[in-house]
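What follows is a set of structures to go through.
You will see subunit A twice below: alongside subunit B first, and alongside subunit C after that.
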Partner chain A sequence: MTLIADEFAGEAWRVILLQDYNTRLVTLSAMALGASCGLVGAFMMLRKRALLGDAAAHAALPGLCLAFFVGVAGGLVEKSTPLLLLGAFVSAALGALFVVVISGRTRLKEDTLLGVVLSVFFGVGVALLGVAQQLPGAQASGLESFIYGKVASMVLQDAVWIGGACGLVCLACTLLYKEFTLLCFDPAFARGQGLNVRWLDASLMALVVLVTCVGLQAVGLILIVALLVIPPAAARFWTDRLAPLLFISAALGAISAAMGAMISALLPKAPSGAVIVLCAAGFFCLSMLLGPARGLLARWRERRAFVRSVRQEHLLRAVFEWHEAAGGDAPHAAPLDALRSARRWSRGGLAAAIRQAVGSGFAVHLSGGRIGLTPEGLTKARELVRRHRLWEAYLIHHADIDPTHVDRPADELEHVLGPEMTARLSAALFGGEGTQPVPPSPHALPGPHVDGGPNRGGL
Partner chain B sequence: MLNWHTDGWIIVTGVLCAVACALPGAFLVLRKQSMMGDAISHSVLPGIAGAFFLSGSRAGPAVFLGAAGAGVLTAYLTEWIRGKGRVDEGAAMGVVFTSLFALGLVMMVSAADKVDLDPSCVLYGALELTPLDTVSILGWRVPRAAAILACVAVGNAALTVLMFKELRIASFDPALSSLMRINPRVVHYAIMTSVAVTTVAAFESVGNVLVVAMLIVPAATASLLVSRLSAMLWVSVGLAALSAVLGHAGAVFLPRLAGFASTGTAGSMAAAAGLLFVAGLLLSPSQGLLPRAARRLWLRLSLRCDDLLAELARLDEQGVRHVPLSRLAHEHSGALGRFAMARLRVSGFVRRSADGVSLSTTGVQRAALILRAHRLWESYLVQELASRPDHVHGQAHVLEHITDKEMRDRLASAVAAAQHDPHGKQIPTEPDATR
Partner chain C sequence: MNASVGQSRPQAGASLGSEHSHDAALCIHDVTVAYHKRPVLWDVDLDVPRGSLVGVLGPNGAGKSTLIKAVIDQVPRASGNVLIFGGPYSERRERIGYVPQRESVDWDFPVTALDVAAMGLYGRIGWFGRVKRRHREQALSAMERMGIADLANRQISQLSGGQQQRTFLARALVQDADLYLMDEPFAGVDAATERTIVEILRELRARGKTVLVVHHDLQTVREYFDRVILLNMRVVAHGRTVDVFNASNLQKTYGGTLTLLADAAEAMHRSGVRR
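Up next, the complex of A and B:
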């Protein structure tokens, strides 16, 4: 048992260190393919044409078959990769071009055109394939492998093609970086800058079609689509900037391709293209969860921080307003019972708010179960109450809302009113520079009327 | 040539498949979710493989349940990734269906020792083999695929008829449907389930990519031809059935012309649907490229006729009664100009003489209207809109073609019945007034 495990571990090391010629060839070319797909895929995603690669990949089939017919008619018995690739490139480009040219000319939407091109071209291809397979040498030419992909049976010639296409894609993306950026983010501005948007679109599409055709036989038809779509979508969770997005997308493509190729070298039964895609899908899940720019975790934390700050601000305002209504001396403080009935707290919300406020030095526990404000807490509370009441006053005077109805809307807005907005509100209401003290509340405050609390204006 | 038993069943199965697909497909096209058909047709794979693992059978209700589950899961995951991750819908769909397809491939390959789950059958389908696998229904030997597809077609038709109001409102106006207590999400997932079930029923006969052809292409063609939903549904069903029949004929006969045996029917069904689509795209009266190009050309021709008449009238004002064609170099240029001149002569507005062309009586009247519109606009632009006199010719030149009598009268009253335009040329009077 251990012998088998050891043998497997040894095998794994040989694969990871790329000691076999075949593994080295396959892994490196898969990486090149993954990187170039990630690169052009990112531009395509930003251009909102992520699925154009899908249509192009399917549209390659009829050209492939026709090229095969031409090869047979021309007396070529051996598989002629350049001829097949040329056929695939031409028909895939025709398919993509059809989508782009026809969209906007009829009421058909781009997604419908993609579906039409994809399925009709593929149907024509399948019909031609049915005829092509009756020819001698059809099996040997590996037409089938263009659909499923045979990473493991890659030869040096395929690797050279992939390497060449990858180099071309990298070169084009470097030279046309500025133009492609404009094309993706603001095509109208690009046109205004004197760029030929049509040619740029066409060259971006040509790059997509190129990597698609070259990659078809490495990872197969659907799975080349995955490499064009998944790494850019995953990279989007990590950054909001273009250059890092391109790097991350290319890197994720390369890493998933390498991992997939290695895994399928170790487990010969697993279909290599599918394993590569599953690796990419794994990276997508990780990115969606952990990505700092848009990931679920990052957004959950952001949200939680906001909820906590809102809760703490509610507490500070409740203490301030109770004290203000009660008319007591310093220090500003309020009994716990009064705070509890001041607003509808979520379960444990008041305790959590107090814990937070005490922890951040805005509030302190006083004797008799009262919560008091520290000097910092008082400053912050005064600012909050001011914002709240300015907004209330604004709603009453400028939106004609009844004073009894303004508390709730102001309650929601007080947390997001910035200093500039506060100053403008203050200027609009009082004409002053924003140095006004806290204005009085336009409606009755809850605090002092609670049983046992002191009465406003009493004694 | 054709064997009526075999080919008859192939055509019947193809037609049933096409009809079953066309109904949910029409709603995919309308709701801008065409690529969802592609996505679901790929991502039912793990559902089928999973159902096979659990039930051990390649057909039967478990496979349909698995496929429907996978289809709904695709729609749900796409929606979730788009919403939570703020990913573009196309990209979200691409992520989901390629991943699920890859998962399904791995599952199928690892099951391949035990069963004949053949991935290539999934891609291409084998419509030709359907008559070989029969079941007995009421003593009839009916191909299994045909029986299943008939059930699905009837089910889809029933769904469309029973939920027609809901489907229509939720597809065209989701906000209104929420107000009317029709949950658009329920409708969305009902369509997705129907697409998934249809896909898996059609899988064995036409393969997964060609299901997309049957879902999307007839509906796309129909939406080019008609504008009402019910008409679109009927037309898509008809076109789908037609492409099935044409497809089989093409598969059997076309390769023979080049000396080959027949090819797959499924692929040529998609090709036939594509041909019908291209025909619709080119020829549809309202949307087609050719009728629209012809309308545009006709418009340009009438504009050019107007220009020729106006130019002849201007020269006439300068005392040039018979105009040599060389003086009309600008208006008479190109095929369009020559054709416009021929049209004017045929309709009797212009006469040809030895030393050039001249306006006939009707031509003079018609040209006067154009000049009147032109000069009224120039006056109006200068007097009322304070345009500069040397800037108004171009605008008036555009507007003169679309100015009818009512507009001319209103312009005339707006410029207080001015006699001359800003360049000092006389404004012709309205012919009805002179009569």
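Up next, the complex of A and C:
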């Protein structure tokens, strides 16, 4: 048992260190493929045609089979990659072209046509494949490997094709970076800038079809869409800029494909397409979780920071208002019990707010269980109260909301609308910019006298 | 042979008819546009003089955006032709600054505001060219004129509606065009942005540019525009604001008198009459 494990470990190291000629060939070409798919796929995602690659891949099958027939008829029993690729390219391009041209001529939407093309071409392909497998030489040409993908069946010639396609894709995306960007962002404006949108779209599609076809053997036509769609989607979680997006997408594609190729070299029974998809999916999940630009964790942290700052602002305002209602002198402070009843705190919310405010130097614990404001805290609290009451006044005078109902909406607005809005608000209410004093509250405040507390009336 | 074809162009312009003046910035001659066989613009025939600030007004579905798109060949014309500074669009492309509706693009796109403003220079940079520092500086100075230079490095989804609209205008300004076509630049913008846009429109007019603006707010028409085109599937009235912007024309434009024309369009659509 340990012998087998040792043997496997040794094998794994040989694969990872690319010691075999064959592993090296397969892994490197898978990387090139993944990178080109990630690059083109990112533009396709931004062009909102992510699934066009899927239709093209499925549409490649009939061409592949027909090319095989031509090969058999021509007396070629051995697998002839250029011929098969040519067949695949022509029929995949036809499929993609069909989608785009028909959607421009009729009222059918692109997604509907994608479904039609994908299924019809693939159906025809499967029928042809049935015939092809009756013929001698079908086994040798490994036609099924085009469907599910089998990196191990790659030979030098395939690697050369993939490398060539990768080079072309990189060159095209570098030269046409600006053109592709404008095409994806605003095609109507692109035309105004003298770009031939139809030609650009055709070039982008040709690149997709190209990487799809050269990648068929490695990933298979059912799953190659994964390399076109998943890396760009994952990369979007990491950045809000285009150039880094392209780079990350290409890198994720390359790494997923390389890992997939290595794993399937170790497990010859596993179809490599599926393994590559699983690796890409792993990166996708990681990106969705950890991506700093729009990942779930980043969102969650943002949200938590917001909740905390709102809580702290509530506390500062509560202290200020209690003190104001009580009419006491400095220092601004309020007893804990009064603060607790001042508003509905979430469980432990008040304690957390106090901890936070004390931690950031806005509040201090005073004797007698009171919470006091530091000078910084007082400045901040005054600004908050002012903002809150400006909103209340605005809602009462400009939105005709009853004074008893303005507290809650103002409560929500004051946290999300910053100084700029407040300045405009102040200008709208008082006609001038600058620093107005804190206006009185338009409704009763929870003060020391709970019933009929000092109501200062409206503005 | 080819030379004579080239020479016949001005004559084609001359044959437009005596009512069309030659130094107009924009001559729209008998233009009809149909979408999927449904006519949306009937026989539009008008001239826009140089240096004028024109409001294009009309109810929803009146064909205001379509008119602009017909000028820049974005929609096929069923009939008629358009001359811009005496030539067809294909030869005047770089003299036209087009500001599409804000909703026409995906604002989640991974580019910065500066990237978008610089897109107005892509035509001048040319195929395969790079956006260089001086292009970025040009774009930045256009953003400065729109008062959004400080937002240059923001991703565009982080901009407010008004800031997005200003970015679009900055993109058109860097083109330094002679004819600007703006599709609802005031839609959904804040008061400050509206003021900035109006200032820019006046500045453009002062520099002799011609500006067509699709507009919705009838309150501000007199204040903003020298001329108006009142549109409701056909031109109801066109001319100087003081002359044509009156209650009876507005009634004709916005009133319910057009049901017949809409019904006719619908009938043509149903009967499948080919255009």
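Everything that follows uses one rule, which is that the second predicted complex is superposed on the first by the 437 of 459 C-alpha atoms of A that agree within 3 Å, B and C clash if a C-alpha of one lies under 4 Å from a C-alpha of the other, contacts with A are read in each partner's own complex, and residues count from 1 in each chain.
Everything below uses one rule, namely that contacts are C-beta pairs under 8 Å (C-beta built on N, C-alpha and C of every residue); 3 or more make two chains touch, one makes a residue touch a chain.
Since this is a predicted model, take the numbers as computed values, not measurements.
Novice: Should subunit B and subunit C be called a clash or a fit once both complexes are overlaid on subunit A?
Specialist: Because the two structures are overlaid on the shared chain, the partners are seen to clash.
Novice: Return the chain, subunit B or subunit C, that is in touch with more residues of subunit A.
Specialist: After superposition, B is the partner touching more of subunit A.
Novice: Just checking: does A:Arg107 make contact with subunit B only, subunit C only, both, or neither of them? Give me first, second, both or neither.
Specialist: Both partners.
Novice: Touch test for A:Val124: subunit B only (first), subunit C only (second), both, or neither?
Specialist: In the superposed model, A:Val124 contacts subunit B only, not subunit C.
Novice: Considering only touches as defined above, state whether A:Leu245 meets subunit B (first), subunit C (second), both or neither.
Specialist: The second partner, subunit C, only.
Novice: Of the partners subunit B and subunit C, which touch A:Gln134 in the superposed model: first, second, both, neither?
Specialist: Touch status of A:Gln134: first partner only.
Novice: Between subunit B (first) and subunit C (second), which, if any, makes contact with A:Gln193: first, second, both or neither?
Specialist: Once the two structures are laid over each other on A, A:Gln193 reaches subunit C alone.
Novice: Looking at the overlay, what does A:Phe237 touch: subunit B (first), subunit C (second), both, or neither?
Specialist: So A:Phe237 only meets subunit B here.
Novice: Should A:Val70 be classified as contacting the first partner (subunit B), the second (subunit C), both, or neither?
Specialist: neither
Novice: Identify which of the listed stretches of subunit B (40-48, 346-354 or 382-390) has C-alpha atoms clashing with subunit C after the superposition.
Specialist: 382-390
Novice: Can you give me the overlap between the subunit B contact set and the subunit C contact set on subunit A?
Specialist: Of subunit A, residues 48, 107, 236 contact subunit B in one complex and subunit C in the other.
Novice: Going by the contact rule at the top, pick out the subunit B residues touching subunit A in the complex.
Specialist: Touching subunit A: residues 29, 32-35, 37-38, 42, 81, 84-88, 90-95, 98-99, 101-103, 105-106, 109-110, 119-120, 123-124, 207, 209-210, 212-213, 215-217, 220, 223-224, 250-251, 255, 258, 260-264, 266-271, 273-274, 277, 281, 284, 287-289 of subunit B.
Novice: Which bits of subunit A are touching subunit C when the two form their complex?
Specialist: Against subunit C, the touching part of subunit A is residues 46, 48, 107, 175-176, 178-179, 181-182, 184-186, 188-195, 236, 239-242, 245.
Novice: Quick one: in the complex, what on subunit C touches subunit A?
Specialist: 36, 72-74, 93-94, 96, 98, 100, 104-106, 109-112, 115-116, 119-120, 122-123, 125, 127-131, 155, 157, 171
Novice: Under the definition above, what is the set of subunit A residues touching subunit B in their complex?
Specialist: Subunit A residues touching subunit B: 45, 48-51, 54, 58, 102, 105-109, 111-116, 118-131, 134, 144, 147-148, 222-223, 225-226, 228-230, 232-233, 236-237, 269-271, 273-278, 280-281, 284, 288, 294, 296.
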